[in-house]
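Each of the next two complexes has chain A plus one more chain, namely chain B in the first and chain C in the second.
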Partner chain A sequence: MDFETFRRHGRGRHDYARDWKKRTGGKVVGTFCTYVPEEILAAGGVLPVRILGSHEPADDAEPYVFGMFCPFSRDCISQAIRGRYDYLDGTVLAQTCLHIRNTFWSWQKVNPGRFHYYMCFPIKVQSPRAVDYATGEMRAFRAAFEKWLGRPLADAQIRDAIRVCDENRALLEEIYGLRKDPHPPLTGREAMEMVLAGQLMDKREHNQLLRQALAALRTRRLERDPGVRLMIVGSEDDDTEFIGTTEELGCTIVVDEHCTGTRYFLNRTPDDPDPMRALARRYVGKPPCPSRDWDARTRTDRTLQLARDYNVQGALLVQQKFCDPHELDIPAIKSTLERNGIPTLFLEFDVTIPFGQFRTRIEAFLEMIRAEALF
Partner chain B sequence: MLSCGIDVGARTVKVVVLENGRIRGRAIRVAGLQVEDDVAAALKEAAAGEVRTIVATGSGREAVKEARQRPTGITCAARGIHFLLPEARMVIDVGAEEGRAIQCEGGRALNFAVNEKCAAGAGTFIETMSRTLEIAVDGFGPLALQSTKLVPMNAQCAVFAESEVVSLIHEKTPKQDIARAVCDAMAGRIGSMCRRLAITPPVALVGGVAKNTAFVRALENDLKTDLTIPPDAEYVSAIGAALIAAEEH
Partner chain C sequence: MPKYKTGPLKCWNKAKELRQKYYEDYVSAPKSGALRIGGSAWAFSAVPEGLGDVRWLTGEPYGASCAFDRKFSLSCLEAAEKKGYARDLCAYMRNYWGSILIDQYAFGGGFPKPDFFWTSHICCSHAKWYQVAGELEGGTPCYAVDVSVGPYTQITPHGVAYVVGQLQDGIAWMEKLTKRRYDDARLIEAVITETEAMSLWAKICMLNRNVPAPLDEKTMYALYVFGVIMKHRPEVLALYRELHDEVKERVERGIAACANESKRLISDTQPPWGFLDVFRHMETYGAVSIGSLYTFGLAGMWDFPDGTMVPKATPRQLGQTPRTREEALEAIVRWTLCRPEYQHFYNPGLKTDLMMRIIRDWKVDGALLHYNRGCEGLSLGIAQNRMELAAAGVPVSVFEGNMGDEREFDHARTLERIDSFLETLGLRKVEV
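This part shows the complex of A and B:
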């Protein structure tokens, strides 16, 4: 198994999507946010592609997205302006923070796609009425999508897509689980490349690759010293370069709490006679984004649990600059982890990262943890 | 047996030589373009004999090829302050390019915060402002202490702060009041960085800016605590590095 495959898919995401279109004659739809039910798109033979960062300066975002909106929302719109996503036939947003909503609306001015759907999704997933609400919205989305496709979807097709997505989640969870080992068989960078690739490619193909990866990982032994076990916590994060360079400083990222990582795949679709309700239950029940986690902040305890399960020695709390939902959560997560003996280091991400500055701080953080371990 | 700590900072190179746990020699040099030469010269000046082990720290620590270890300035400052002022539980280090606060105990860093965003929280800010006000850097603190009037200034950004100073000059605001406003604003920034951690007295202040008496007073007011400036304050990280070097024996 060549683990570089996942990296290649991530880097060549646009080529993959264009090639997929040519191969299958199907349509490709971009998704904003982990709450878009990819299963409905896949059931219609459409390839859902998560819109992720490019990490190139996003100065051209200015007339579309305010300068004090998060770098991720600016990076996305900038890529649309540059035509990188011109192959998309549409985009779907599940209602989330204002910054990415702004990108979604601006996107339609600069991208040729036809089908742009703003899906309402409960902003308070803890509400006892959230599943009913989400079920209704799933139905509305399905109906709009069917209209655009020009044909109805059979429930069996949706169930089949759910099965494929759940298999994907189970495989990722199993692979992540191997990182609990004192000597993880894969680096944090490789794990991130794996989980990102799945959000960019056909799930069946991704599952095939994950099955091969899982088999290979069972006997793989990395030559490197894993060093300090860290977790990384934050919003959208696709900065594999950052993870890779950080791991060269004598640590391994053994688990993440990102909407592009564990929040994307932990939990499955429950059995339900109504597939729309099954989807609603899965998405309402998934590890929550801070913009939906009301009134109790359940994310804090879940993050602590992950830290314990993966036996981490410290946590990097990363925040996209100006991201309000995460700004709100970070103090609670920081104090919860620190109260439980897990030191944290806060880092603010921009479209591009000044790694030189981060480097000293990460090194000092690692020195602190190592010194602690000696006492 | 001599062990040596070298702190290669943005502005200066500091060398400390320890012998049996006591400072045997020290030297400070302005860091030029050829840092390796400055390190060699400082080492020559400070070392009275054959140095056994070298440990380098600071942002330019990679330049010291013969270093056995290269720990960060944060780890070294925590070690160094324990040597100079064992009771300190927090050390605030404001150098030319960076400000940082470290909670420490027994020579170990327990937590830290760094002001990396803008020059408004580091020594270069005062240098720039003294140029704008046409006064010597050394005279900045004493002048500010003469002020009797509070002038609010919003030093979120060094560039905007400079234009604020220029308008204050145009309004004929006395220089001492402007100098005080600059010290207060910078103390405000450093203070908020410190509050990201808990303020745990006794607090030590080190780094070049500790020489500015008006800044020290402003920071004490902001943090509502006394600050102790140990002797050899600018050598704190080099001392920490030398202590780590001594352990290598």
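This part shows the complex of A and C:
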């Protein structure tokens, strides 16, 4: 198994999607946020592709967005302006943070006349009423999607897509579980590349790669000292370069609490006679992003549990600049982790990262952890 | 020689006293056995009324009051930052949290702790605001209602049921928490009052279609606020009735807000509360801000027939006066989901459309948009609004600032931008 495959698919995401269209004749729809039910798109033979940034300066997005909106949202708008996603036949947004909503509308300005769907997914996922509402919204989305496709979807097709997506989640969870080992058989960078590829590829093809990866990982031993075991927590993060460079400083990212990582896949679809309700239950019940984590605050305990399960020695708290939902959670997460003996380092991300400054801070952080481990 | 007659509002002092009483009543609530409730200005404030005597402190107007006192505000903002909260978070929220942290109430004394928080959630901050506030206060219970179920053009039965269901659950939550018996009659009365008061504010705004405008936006800020601090209370309805009659009389007598009105503008989003003199500066050019979707749509409720907007017909006017808890909750939910200031959360194009209606019907010559770093909720999509207004041929200018953090407002630069904009509209400073 060549683990570079995931990296290639991530880096060559646009080539993959164009090639997929060519060989299947199917349509490709971009998704904003991990609350979009990919299963419905896949059931219609459509490839869902998560829209991500490029980590290049995004000055051309300025007319579309006020400067205090997060760099990720601006980066994505810039991608639309530059035509990087010109192969998309449409986009879907599941109601999420305000910044990504802004990106969704700006995207439409740049790409008018395609299928653009705003799904009113509930924000209060803790309400006992949320599943009913989400079910209604799943049905509305399905109807609009069927109309655009020009044909109805059979429940059996949706159930099959649920099965494929759940298998994908189960495989990722199993692979993540291997990272609990004192010598994780894959790096944090490889893990992130693996999860990201799944948000860009046909799930059946991704599952096949994951099965191969899982088999290979059971006997794989990396020729590197894992060093300090870190977790990474926070905003949308697809910066594999950052993870890789950080891991060169003498540490391994063993787990994450990101929407590009565990929050994407850590739960399954429950059995339900109504597939729309089943999807509603799965998405309502998935690990929440901070914008949905109320009335009770659950992310702190969930993050702490992940840290304990993966025997984490320190946590990087990363936040996209101006990301309000994470800014609202980070003080609580920081104090929870530190109160439980897990030191933290806060890093604010922009479209591009000043890694020189970050390097110094991360090195100091790692030295502190190593010193504490000595005594 | 001024173009128009001007004169102060007769009910101005009454409004000031009512506002002061609101903040004082919140402090003294325990003495009279009343409950203290904190929460968003957009909360379903009529619903806790069923618990009996309750006193409110709505967070956004409180945060604005803090901002008006720049020195006090700075101490609040710095306390929030010291606690680890980012500087770019909602400035109202940071002023509120800071008040808790330094234990000072903007109206004197220590910061009064509520019995519970009852709020609505539509921007990313609302529910989290009171989640954090509760934690800072050592565990004040909080119940938030998600209202993000789509724009007024697409209200669905399952969306209404979701919000009504949360309110039903919320009533049970409040009863359990306070051990008070819930009185549906009080709820029904509060819902009727709220709808009447909000429709009446819209009716007052309609009078500003007149040339010259009888009210300027700076004055309206002091009056619309009742629609966000206690919109369900009979004393607000009474004040708005008096205000409506007085403004109507001003129109009939040709009394203007600005003696030299020659260009009519709208603004957008909250103003920089510590620097309201920018509005008076505009008037030195003969430019009057006659309102905004913000002042019209935060406290006012509207119907949108045929490309225009008119005060929303109340349940009573429609012959649908609620008689039961269920009917009252459904009425207030359907009413609230039409709030003009909710619509851009689903699509900024809807907001542009509403702004264009105001521009046409209120005879507006230009728009001055506040790119407000203090509120990502109301700044959401504002760049798109700017583009769309400009494309429609509306002269539009922007200034960047912060409604509640004076450190992010450049006063001199803003005045210069306003000067330039007004000069492009053909205005020159009026010699007095």
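Assume the second predicted complex is superposed on the first by the 373 of 375 C-alpha atoms of A that agree within 3 Å, B and C clash if a C-alpha of one lies under 4 Å from a C-alpha of the other, contacts with A are read in each partner's own complex, and residues count from 1 in each chain.
Just so it is clear, a residue touches a chain if its C-beta (ideal position, glycine included) is under 8 Å from a C-beta of that chain, and two chains touch if they have at least 3 such contacts.
Being a predicted model, the structure only gives us computed values, none of them experimental.
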Task: Partners on chain A (chain B, chain C) - clash or fit - done: fit
- [ ] Answer with first, second, both or neither: which of chain B and chain C does A:E363 touch in the superposed model?
- [x] first
- [ ] Identify the partner contact of A:R159: answer first if only chain B is touched, second if only chain C is, both if each is, neither if none is.
- [x] neither
- [ ] Between chain B and chain C, point out the one touching more chain A residues.
- [x] C
Open item on the list: Quick check for you: in the superposed arrangement, does A:P122 touch first (chain B), second (chain C), both or neither?
Closed with: second
TODO: Could you read off the angle at the CA centre of chain A, spanning the centres of chain B and chain C, to the nearest 10°?
DONE: 80
Open item on the list: After the superposition on A, what does A:P343 contact: first (chain B), second (chain C), both or neither?
Closed with: first
- [ ] Please indicate which partner A:V65 is in contact with in the superposed arrangement: first for chain B, second for chain C, both, or neither.
- [x] second
Open item on the list: Per the contact definition in the header, classify A:K21: touching chain B only (first), chain C only (second), both, or neither.
Closed with: neither
- [ ] Identify the partner contact of A:I330: answer first if only chain B is touched, second if only chain C is, both if each is, neither if none is.
- [x] second
- [ ] Please provide the least distance in Å between a C-alpha atom of chain B and a C-alpha atom of chain C in the combined superposition.
- [x] 5
Task: Set of chain A residues, in rising order, touched by both chain B and chain C - done: none
Task: For the chain A and chain B complex, residues of the former touching the latter - done: 343, 346, 354, 357, 360-361, 363-364, 367-368, 371-372, 375
TODO: Would you mind writing out the residues of chain C in touch with chain A in their complex?
DONE: 83-86, 88-90, 121, 123-125, 127-128, 131-132, 135, 142-146, 148-150, 156, 158-159, 161-162, 165-166, 169, 345-349, 371, 373, 376-377, 379-384, 387, 400
TODO: Over in the complex, which chain B residues touch chain A? Could you list them?
DONE: 59, 71-75, 108-112, 114, 116, 196
Task: chain C contact footprint on chain A (complex, rising order) - done: 63-69, 95, 97-99, 101-102, 105-106, 109, 118, 120, 122-124, 127-130, 132-133, 135-137, 140, 290-291, 293-295, 297, 322, 324-325, 327-332, 334
